[in-house]
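Below you'll find the structures, each written out as structure tokens.
There are two complexes below, and they share subunit A, which is joined by subunit B in the first and by subunit C in the second.
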Partner chain A sequence: MKPFRHINVPGVAEAVDYLNKFPGSSRLIAGGTDLLGVLKDDILPAYPELLINIKAIPGLDYLREDENGLSIGALVKLAFLARSPLVREKYKVLADAARSVGTPQLRNMATVGGNLGQETRCWYYRYPHGIGGRIQCQRKGSGPCLAVGGDNRYHVIMGGKGCFAACPSDLATALAALEGSIKTEGAGGGRIISIGEFFHPLGNALKAGEMIVELQVPPLPAGSRQHWLKYTLREPVDFAVVSVAVLTVLEAGICREARIALGAVAPGPLRALQAEQFLKGKEPIPEVLQEAAVLAVQGAKPLSKNGYKVEIARVLVLRALEASFAGHK
Partner chain B sequence: MKENGLLLMVNGQSYEFKIGTGPGEVSPSHTLARTLREDLGLTGTKVGCNKGECGACTVLLEGTPVLSCLTLTVECNGKRVTTIEGLEDPETGELDPVQQSFLESGAFQCGFCTPGMIMTVKALLGDMPAPTELEIKEALSGHYCRCISHYHVLDAVGRAIGKRG
Partner chain C sequence: MNNRKFTQVGRSVPRVDGPAKVKGEAIYTGDMVLPGMAYGRIKRSPYAHALIKKIDYSKALALPGVLAVITGEEAPNKWGIVPQTANEVALAVGKVRFWGEGVAAVAALDEETAEAALELIEVEYEPLPVLLDPFESMRRAGEVRIHEDKPDNILHQAEQVFGDPDKAFAECTYVLEKEFRTSYVNHAFLEPHAALASYDVQSGKLQLWSSTQVPHYLHRQLSIVLEMPMSKIRVTVPAVGGGFGGKGEASSADFCAALLSRKIGRPVRVTFERSEVFATNKGRHPCYMKMKIGLDKDGYIQAVDFENTLDGGAYAGWGMVVMFYTASMIHLPYKVPNARARVRRVFTNKPTCGAMRGLGGVQPRFAMECLLDEMAEMIGISPYELKMKNAIESGYRSVSNLHVPHAEYKKCLQTAVEKSGYLEKHGKLPFGKGIGLAGGYYISGTAYTLYQAYKPHTTVLIRVDTEGGVTVHCAAADIGQGCNTVMAQMAAEALGVHYEDVHVVSGDTELGTFDLGSFASRLTYATGAAILEAAEEINQKLKEVAAGMVGCRADQLEIKDRRFTSIFEPRKTIEWEKVVDVYTNTVGTLTGIGHFSPPRLKGIDLTRGVRVQGANIGHSPTFGFSCQIWEVDVDLETGKIRAHKVTEAGDCGQPVNPMSVDGQVEGSIMFALGQALYEEMKLDADGRMLNPSLHDYKVPTAMELPEIDTTIVESYDPTAPFGVKESGEGPVQPTIPAIVNAIYDAIGVRFTELPITPEKVLRALKEKKEKEKV
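Showing the complex of A and B:
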């Protein structure tokens, strides 16, 4: 790795301070599981001068539940989230998504804040500088998106614009089904960004000098059930080809609420709103679920080599809905 | 902990480093894997992929398995690190039961993945007295073995559990 300066900060205020003192040339480091890969491969046109270590900030690794729902401090480790009895019981998709990330050692290191802040895995974007030079692209600020005419088998099938890289974060998909949001702190104070607004085709909504301090999940609809599915080539280590998180409410045999979030198919997690609307007020019989799954991928615009993801997404939605409704027994 | 300095506790011994870019100094951009191997000569910890995928570089940080290729040494100041070299009895040289079990089960061919696997198993058996086969597989799911020794590894873990009676 090329050299950088490194500083440990004692609190959020100091972290934000440093970010603002070194705009564009500093980076936060939490678990480092994504950032150090990015730095080793030297993919960024601007290599950071300063890493701001937030790992040792005390009290930012809390898990709290009250009448406003669940709050998760940015430094909570994925291993902790995956094992938490509270999360496993009530916020199942979140625990399952956390458990599906990488490997046990990675989950021992990785934080929830870093999971949302991580960079895309597009292989053009991540192409190592050391092997024949850095590849420029739209996301890096110059040139077109190379996935369009290149090998795009893992890229988006919906919502791409300028850049067609997929959102790699599994927690984002789960949070979308739970209608969660992200609390930040910045120089001008904090704000709350809903998960649906956080990712955009070229990156995320964080402003320079802003950091994630908390993930928030509002109270769940009474009697709701959830289900998480992630399709990968191998079970451990791999990123999602497609992931799905669903939440359902069934009353007297009728679907009252359905939330379907798709991951790795778009620049951010995507809610299948049309399919959700279709399900409401209906009995979740097989034909209805099949129709909902078709609606969930309607409008997909696959690239040259990723049409297969549309079919995987449809099947995962169907299976996740079946499992979630079967849970209402 | 020291300003501009670094204290590492590796396998029960303390090591002090200066943070800097001179010879023998630890630069902020050095990974723990590099410090262990190149500054401390503890080459039992292997570096396979150097990007978090293979598990060969696994060491215990405060008892928890982590990837030393994705850990900055400067972030281990004041922390306890255990590597494969730290498992044998320092006085008698007797191997740890987990190491002994790997030997007896022939749980490797080239042995490149073995130190990492053993560190994970060591932590697993510290947390759980009698993990199920599923729990063992889950714990080891972050370790690649190119020589396909996985079945022998499961056998070795079973043997290690047995040794504890």
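Showing the complex of A and C:
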């Protein structure tokens, strides 16, 4: 690893201040579970001179529920989120998504803010500098995406443009089903970005000098049920090949609302709006759910080696819907 | 020697190295810091095949804190674990042959400066066409040559014929031929390569601490590359975090540390990153195999024909040996009267393949056990019946002159079948659930040194005195497999004392007596034999003293449980320590020395009595056997395979430490499970590895661990010291075919390419459905 300065900041204002004083050459560090790997493998052309340690900022690890819904401070650890009785009971997909991340050691360190802000796992993007030099690509500012003509078995099947790396954040998928949003602070003040707007093919919506301070989940529809599924090659530790978070509302045997969010298939979490629309007003009988699952992956444009992800996504949507609707009984 | 009398052999004692490792207190090479130590880093090639036109490191050398830079030109002597094919250099000379090959190395005051210096080294390359596929490599050899002295891009090829396979096939009732392909996998040991060299400018001596399995072979290679006599070099092995063959030859970390230290006259440590472990590989050879088996009308094997093209990567490494092993492994554990093997090991522009746990066995075993499974179906009998019918027994001699003094293979098959309920389940489970059987075997040591020599393969010196009790000296390397523990148990047994009384000094070419190293599952057998011989000398001398002390004849004494006792008059007895005390006071420190030289057999075709090239490779003093039965669930919609239970039964001879045997078996099972379902190194079209990390290279974790039911079958090889055989490499052999056969039982698809990923399962299920529609 190359040398860098490391400073502790007492509050969000100071963190933002440093970010703006060292534009492009500073990075935030909280759990460090992603950043340290990025630095060790030296994957980015610009190595940060300054790490701004935000994990000691007091009061940024809160979990609050009120009439506006749930607010989660950016420094809440994934392990805490996964264990919280409140989250487990009411915001089940969030707790399950948090629990599906990495290993216990990682979850004890990793924060929710970091989970959303982490770098992509594309193996071209992540190629270590020490073995013949890092790989340049459009996401890094120059060069083509090597995944398109290369080994893209884990890349996106929808929504890629310029970059075909899949969104690595499991929380993002869960938040999408809960229609959550991200609160930020920056030099020009804070803003709220809906989760659907946060990711784009080449990165995320954070501007230079802006940081995530809170995750927000609006009040849930009455009587809703949720289900989380994550498909990985190995049981824990791996990032999703495909993940699915669903939320359903069933009244008198009829689906009143269905939200289906797909993870790791696109640059960000993807709502299967067509499938959701289709389900509304229908009785969730097997044929209907199967049709919805087919609709959820309609329009997928797999690359040369990731067609299998479409099939897995369809099956996962079906299974998640079945489980969620079964939860209403 | 009767195994029922053992008190120290057969004890499940915790490993001597266990507590320190578990507590994080063990000292690995990478933990070591010497006064004045510098840090070495290696500059790596951005091409898989290119000429080096120029290297300019003047800017690197000018960077404050940089002490030295070296390039390949400074140490151009070729090294190789197999001297006949030595073609590797410490750092590339004139040409790079794989992506990530070292082209220069830097020593600096700290690691950060060393890394910064690498960036300042300017290398001019002229890229050459990159050959990644062995068949393309052979096809284009006229145009692109990877090694100047190998015009076909083939390291070596051979044809071995035993009996008359063509005639035998013509007379067979059942013949099946199929192609199989294995993947490019790495050992994924926990501790990356590390070497710390300290060259003393006054004496001209070099000490190297290295994470190695083979201190002796490393010692030899250092002598060649550094042009220093072996007597001026000392190799020491600190705690080692696993090797599995990947530390079974020297690494560039060793040479660069040594060369840099000699250049600057202060200690230098080179510790690899995980990415460098992958980039330099030396893992299992991907094999492109064609196997044909012929059975007579009763199901007896009459002939095996085996063709194997091994993708060797850039350099020779263990390649020739691995190649001949794959040829040898078709002769056991079934009776094969006629056989032919055509094998070749091809150069490609990939990180080199080498030795990996169960080397040369895993690939042909996969082919043979799967083919036999399919042939049992052809005949309409159980795979168990077919394998029992053909299984070898004690005293078997193969047509290639492999001699098996002792075998309990049938007992392994029987035990695993009975314990798993295989016969009740096989072919009868619901679609998506399956059970599969496979057997296997492995050598317990080899018959030859890798270079021409007749010296004993192991020497053990046992020292007995009043200060240290019993000290066993041997330069064997405990790399986590447990030889220090097992040597202590065997020495205690042979001397009639307790395991706790014995100290082992190993892993050092200066303090230890000669040993070849930790590979080929050789140490328990080899050191056991040497220990028996050394102990005999000590026991004889002590008995003479004890006889005088208790008043009987020396040859009437037995030593057991720290006592000398007359076998005729049990009241004539005296403590072992008192005898040692008297001996030491009258004569001095007592030593005994023992050697082991394995029996040497010629590799011949017994039907014609002619020598067959390379057929002596694969000979061993004895062989271990095992059977595994796996149960799997296949998710028919997502293609995910859950291998959830394995029933194993193994013949490791007399287990010296049953707990350690269980550990080896369980470790082997997880090791091979990875290759079956998860692991594969991926290269892009330029030869760059896409997954050189334990994140992207998918080693199964504890969550993939199946329920494991192991049985050490009752076994004792009367020709072996303490009746022992191997247990660390045999158990990896049946895993892959047993899983593949179980998947067939589950979904009716016979996979012939590894790893079997969800993607492949989904595709196969789809093809199967389409075929069934037609």
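Criterion: the second predicted complex is superposed on the first by the 329 of 329 C-alpha atoms of A that agree within 3 Å, B and C clash if a C-alpha of one lies under 4 Å from a C-alpha of the other, contacts with A are read in each partner's own complex, and residues count from 1 in each chain.
Here is the rule we use: a residue touches a chain if its C-beta (ideal position, glycine included) is under 8 Å from a C-beta of that chain, and two chains touch if they have at least 3 such contacts.
This structure is a prediction, so every number in the text was calculated from the model and none was measured.
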First, second, both or neither for A:S71, with subunit B first and subunit C second: neither
Touched partner set for A:L106, first subunit B, second subunit C, both or neither: first
Which of subunit B and subunit C A:P3 touches, first, second, both or neither: both
Touching partner for A:P236 - first (subunit B), second (subunit C), both, neither: both
Partner chain in contact with A:Y308 - subunit B first, subunit C second, else both or neither: second
Contacts of A:N20 with subunit B and subunit C, given as first, second, both or neither: neither
Partner chain in contact with A:Q136 - subunit B first, subunit C second, else both or neither: neither
Subunit B versus subunit C as contact partner of A:G150, first or second or both or neither: second
Contact residues common to both interfaces of subunit A (with subunit B and with subunit C): 1-3, 37, 40-41, 235-237
Residues of subunit A defined as touching subunit C within the complex: 1-3, 37, 40-41, 121, 123-124, 126-128, 130-133, 146, 150-151, 153, 231, 233-238, 241, 308, 311-312, 315-316
Subunit C residues within the subunit A interface of the complex: 44-47, 99-100, 112, 115-116, 118, 273, 275-276, 279, 637-640, 678, 682, 684-685, 688-693, 695-696, 698, 700-701, 703-704, 757-759, 762-763
In the complex, subunit A residues that touch subunit B: 1-6, 8, 29, 31-33, 36-37, 39-41, 51, 53, 55, 102-106, 108-109, 235-237
Of subunit B, residues touching subunit A in the complex: 21, 27-31, 50-53, 55, 58, 64-67, 70-72, 74-75, 120, 138-139, 141-143
